[in-house]
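Just below is one structure, and these are the notes that go with it.
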Amino acid sequence: MISFRNDYSEGAHPQVLAALEQNNLITTCGYSMDDFCAEARDIVRARFSCPQADVHFMVGGTIANTTAIAAALRPWEGVIAADTGHINVHETGAIESSGHKVCAIEAPGGKLTPALVREVMRRHCDGQDEHMVLPRMVYISDATELGTIYTKAELSALHDVCREYGLYLFLDGARLPAALVAEGNDLAPADFAKYCDIFYIGGTKNGLLFGEALVITNDSLKPHFRNMIKQRGGMFAKGFLFGTQFKAYFENDLWLTMARHAVTQAQRLQTAAAEKGYTLYAVSPTNQVFLVLSHAQIERLKRDFAFELNGRVDEAHEAARFVCSWATRPEAVDALIAAL
Amino acid sequence: MISFRNDYSEGAHPQVLAALEQNNLITTCGYSMDDFCAEARDIVRARFSCPQADVHFMVGGTIANTTAIAAALRPWEGVIAADTGHINVHETGAIESSGHKVCAIEAPGGKLTPALVREVMRRHCDGQDEHMVLPRMVYISDATELGTIYTKAELSALHDVCREYGLYLFLDGARLPAALVAEGNDLAPADFAKYCDIFYIGGTKNGLLFGEALVITNDSLKPHFRNMIKQRGGMFAKGFLFGTQFKAYFENDLWLTMARHAVTQAQRLQTAAAEKGYTLYAVSPTNQVFLVLSHAQIERLKRDFAFELNGRVDEAHEAARFVCSWATRPEAVDALIAAL
Amino acid sequence: MISFRNDYSEGAHPQVLAALEQNNLITTCGYSMDDFCAEARDIVRARFSCPQADVHFMVGGTIANTTAIAAALRPWEGVIAADTGHINVHETGAIESSGHKVCAIEAPGGKLTPALVREVMRRHCDGQDEHMVLPRMVYISDATELGTIYTKAELSALHDVCREYGLYLFLDGARLPAALVAEGNDLAPADFAKYCDIFYIGGTKNGLLFGEALVITNDSLKPHFRNMIKQRGGMFAKGFLFGTQFKAYFENDLWLTMARHAVTQAQRLQTAAAEKGYTLYAVSPTNQVFLVLSHAQIERLKRDFAFELNGRVDEAHEAARFVCSWATRPEAVDALIAAL
Amino acid sequence: MISFRNDYSEGAHPQVLAALEQNNLITTCGYSMDDFCAEARDIVRARFSCPQADVHFMVGGTIANTTAIAAALRPWEGVIAADTGHINVHETGAIESSGHKVCAIEAPGGKLTPALVREVMRRHCDGQDEHMVLPRMVYISDATELGTIYTKAELSALHDVCREYGLYLFLDGARLPAALVAEGNDLAPADFAKYCDIFYIGGTKNGLLFGEALVITNDSLKPHFRNMIKQRGGMFAKGFLFGTQFKAYFENDLWLTMARHAVTQAQRLQTAAAEKGYTLYAVSPTNQVFLVLSHAQIERLKRDFAFELNGRVDEAHEAARFVCSWATRPEAVDALIAAL
């Protein structure tokens, strides 16, 4: 059985593991207040050109999303998201559990646009109806749940519409490294810091044991964020493990090397599938590939390959997701291509 | 200015007010534990043929909805509603504030159907995906937000699909009296108790100063409901005011008399508007009328009449809502018809 | 059976009821946006000398407390209260239900002092420990749960310690009218507005059918408060009933007349009990009297009088609470005194 | 600087790290649904003699506590804890954030007793007052926050009083391994499963990179627990890391070997301190030592040693906490003893 189930099916890149081992017995302090984390924060601030930003390390995506959103919003406020957004579908209602409505809207390719944001605002009477939730934040992912990415013009335009309506812009970057190395990407790291009020750089899905680096550029979102992390259960005791890992992550651009490998393998698969006549459920330039498969095709492929189904296309077809990672062997992709 | 803004623009029916006055100085106990409430509960149980039901008096619709839903659901569970449902749109995120997702779906005429419930369940992997909210309740209104009503066959079918999926059926009856007297209604009071796990009979929008009678027929929803009322802020100190009012409400079928007046006036208006060529935004047999109006028509009518706009129809038109109540004077309807 | 159970055992003062009746059929708009409410707000602002304050009408104490506290606090913040405080004991965890810890401390006579506030802050590392709740508000009642009152010097000192620590001062005035007319009171209405960031003037326990007038003097607590009221279920449909009642409440100082009656009767009882040798559980200058009674005394009195028990004093004694109201007949007090 | 700050200041025991490295590139599935976790669960069930128990792996203590408590309680229910309990003091209000009151009571030595549980129940009218929170769970820690432990008789008695009142018994075992090897302990692993409805076995504070094994023995707490983990943000993507670590943890009783080392070193320190005349703030048989120190002593020791202060004793003294771990070098303890 060869797995294309996801990009978190193996441990950590050997260089990351080596860093953990090398520093394993150094005594330090807890809760990410140590020197490793301080250094890693400085690296993030330097790489993303945001010297004034606050950087927090989070153990995973759901808790990063919930903590960021619940810390930013007042009780009567909500967050705008694509209907396919992770917070709207795949977090068992974590955002609602923190008291906030996800104001979802159908978004082609999983991407929000200024027009869609305006439409959500219109449906909420532009924030003038006290009987309705007040949208206060826009949540996007780059890469999105469908593997698509935002261009600089698109992100900049979202930034502008957010400023217009007084909305925070929050970017879930669980797969930001894959987006950065994707064909068609013109966003530099500094752009994320420039256009977003808060965003994070995924590590879990790109070769760390765990960890996301959350960057807060908007001053009004900074105070007491660590209180919020602690309250939401995300204050990791051995926080120095974040520092150790993220230092290794950025050393010699390991993070981009890993992302590039994942994207390259996925793109080989997508190109081959398209050439063989498969319909793409979404055209993804990143490390996730979405193919429209018949039930028979699914049954056949499931014998040798592990992958997830992403939703019904029609009576006879489903969307199947194949994910490549830093650890995906090229031979595995060859085998899948051969089996298509 | 003549108001068709809503059905809670005046105080109480004179007979209700007389009852309040008559009993005003009787000393009793608080929190709806008094004899007036006990009698009113018995009347509700008798009228709705549910001798075993628990009956609670709530001060208004939003708090009735929030309390009922938050009491029924476990943290990871959500409630299915029409996208136009009151809890999804007009309660400033009260349900989410209590921790629960509203699983909304586009519903023609504001009415859920078994097919729509199945579709929501399908989107939630029939409750089998632990990364998704687990739908556990269906929320409907009768009359709906668009003035439409459920037939006995429809309500019975919803009951069946709820049983199939293990969903509670909760009916918001803020305008239940108007539904009961509407043309086309074939639901008897007993049917609400038979098909719903929990529902309420509105009083605020039908001639009481305030008050909804919440009926719980499902035993599993009964324990500790009063704790929940208290916690949500809905434990009314002078609860005996509920008892006094509801006794008067049901005496000589005053509640139906009032509802019949409201519906009759609204239907006169709807018929006249249709005859004059107006497009109905929804065909309502109850006390709310929805007309598609041009901006110019709106401006003209606003000079003499108060009413609410309900949403954009197209660039040039909006849906306008005109509501009649127990207190609407026939001359007011005449004047509006003349002005159309 | 003569009831001293509480001060909300009857309907409304006849003048209040007359006002409701007189305005009953006037058509107005909902949600406290009407002219009656506007006038009543102006009266409150004038009487309490706070022309810039926001005034909101709430249907009862628990929902006023929860709404005010949940609107003011960020998720990681808590509210300081006396251990006997209503929010700590008698609201079924409503404050915690909104996500906030009540930081309770034993408080003699039910009254917080600057020293007690400092002690709570010390226990929370003066707000410097991110692993602890950050106290952000002080909640007091005047009169307190034990019938005691604050002097001007005491309230002013609490105001000062709150400023020092960056705490909001919130005063629950469910029985504020009784405090205002109590012997020993030197607080003028204007002082509440001067020293508190937010407070309310009780109506439910002083002769209205229902209603508390919440006054916000601190600008930072004003925005979007109505959104919060709606979300918490406290947006009363027929809000004009607040306006009608509160206008009558303040006319010719009816509110003080009613409070004075209640306090006078209670003080007659307290004085008589003390003269007869009863131990006072608390010395109350307001409309609640707390006597230490033996089990035998309780059994005997319960035959003819209704009252509540407030907690164990020792193996043989309990504290019994007797409450007088605007509606308490002097003969009832005479009868109780005779029975003591 | 030698650190006695806590027991999570280093990475993992080398055997644990070796296991991670050995299995690093094995492809498996996410979210703790893999074979490593399945094996580790079986080991836990076998060691704790609870073949029917559900075992879940949690990333840390706070999220384990919050998830367990929020999953067990209905909205109006609360949890009883010692005033020094971790959930009451050091989790930034995480429990309240999930909507539940912590019903705290002063508890000598950080330990609850049946008498204290009864007292909390009495203060809550034995659950009969709907205006109060309904206590539904008892939360204890073994070892406690003060390093003390429960005997079998004590735990059994708590179990009995919980049964009597219908309370769940939840044991926070973040330092359970230290308790197990402490002098005076007579609890066998099986006893925890026998007497508790839910408990966990700490790994983070005893030589794992991270991880607690949560054991649910009460069937009514089992359903949908994974939904709750996901919603609270605790669903760890690379869950197989739990399995890998816990397998190594239990191999050849490594967990007990590590705990024994920590306890031995701490006891050496405590004995020496007592012999030197220091007052013990608490007499702890586990890996935490609490000394009463003067400000001058604190200043002097802080020059060479890192440790935490635990609270004021009097004007002149504070309680200082010194923690030993699996990684504490005997020479470090020697140095501290010499410096006392």
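We just call them A, B, C and D in the order they show up, numbering each chain from 1.
The rule we apply is simple: contacts are C-beta pairs under 8 Å (C-beta built on N, C-alpha and C of every residue); 3 or more make two chains touch, one makes a residue touch a chain.
The shown structure was predicted, so the numbers you read here are calculated from the model rather than taken from an experiment.
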item	value
Path length in the contact graph (subunit B to subunit C, fewest steps)	1
Each chain counted as touching subunit B and subunit D at once	A, C
Pair sharing more residue contacts (C-beta pairs) when A-C is set against A-D	A-D
Maximum centroid distance from subunit A, chain identifier (CA atoms)	C
Separation of subunit C from subunit D, taking each centre as the mean of its C-alpha atoms, in whole Å	41
Chain centre separation (subunit A, subunit C; CA means) in Å	49
Inter-chain centre distance, subunit A versus subunit D - centres from mean C-alpha coordinates, in Å	33
Multi-partner residues of subunit A (each touching 2 or more other chains)	75-76, 91-93, 97-99, 130-131, 227-228, 230-231, 235
Residues on subunit C engaged by subunit A in the complex (per definition of touch)	70-71, 74-76, 98-99, 130-131, 134, 224, 226-228, 230-231, 235
Residues of subunit D defined as touching subunit C within the complex	75-76, 78, 89-93, 96-102, 122, 130-133, 312
Contact set on subunit D toward subunit A in their complex	2-3, 5-6, 8-12, 14, 17, 20-21, 23-30, 59-63, 66-67, 91-94, 97, 204-205, 209-210, 227-228, 230-238, 241, 306, 327
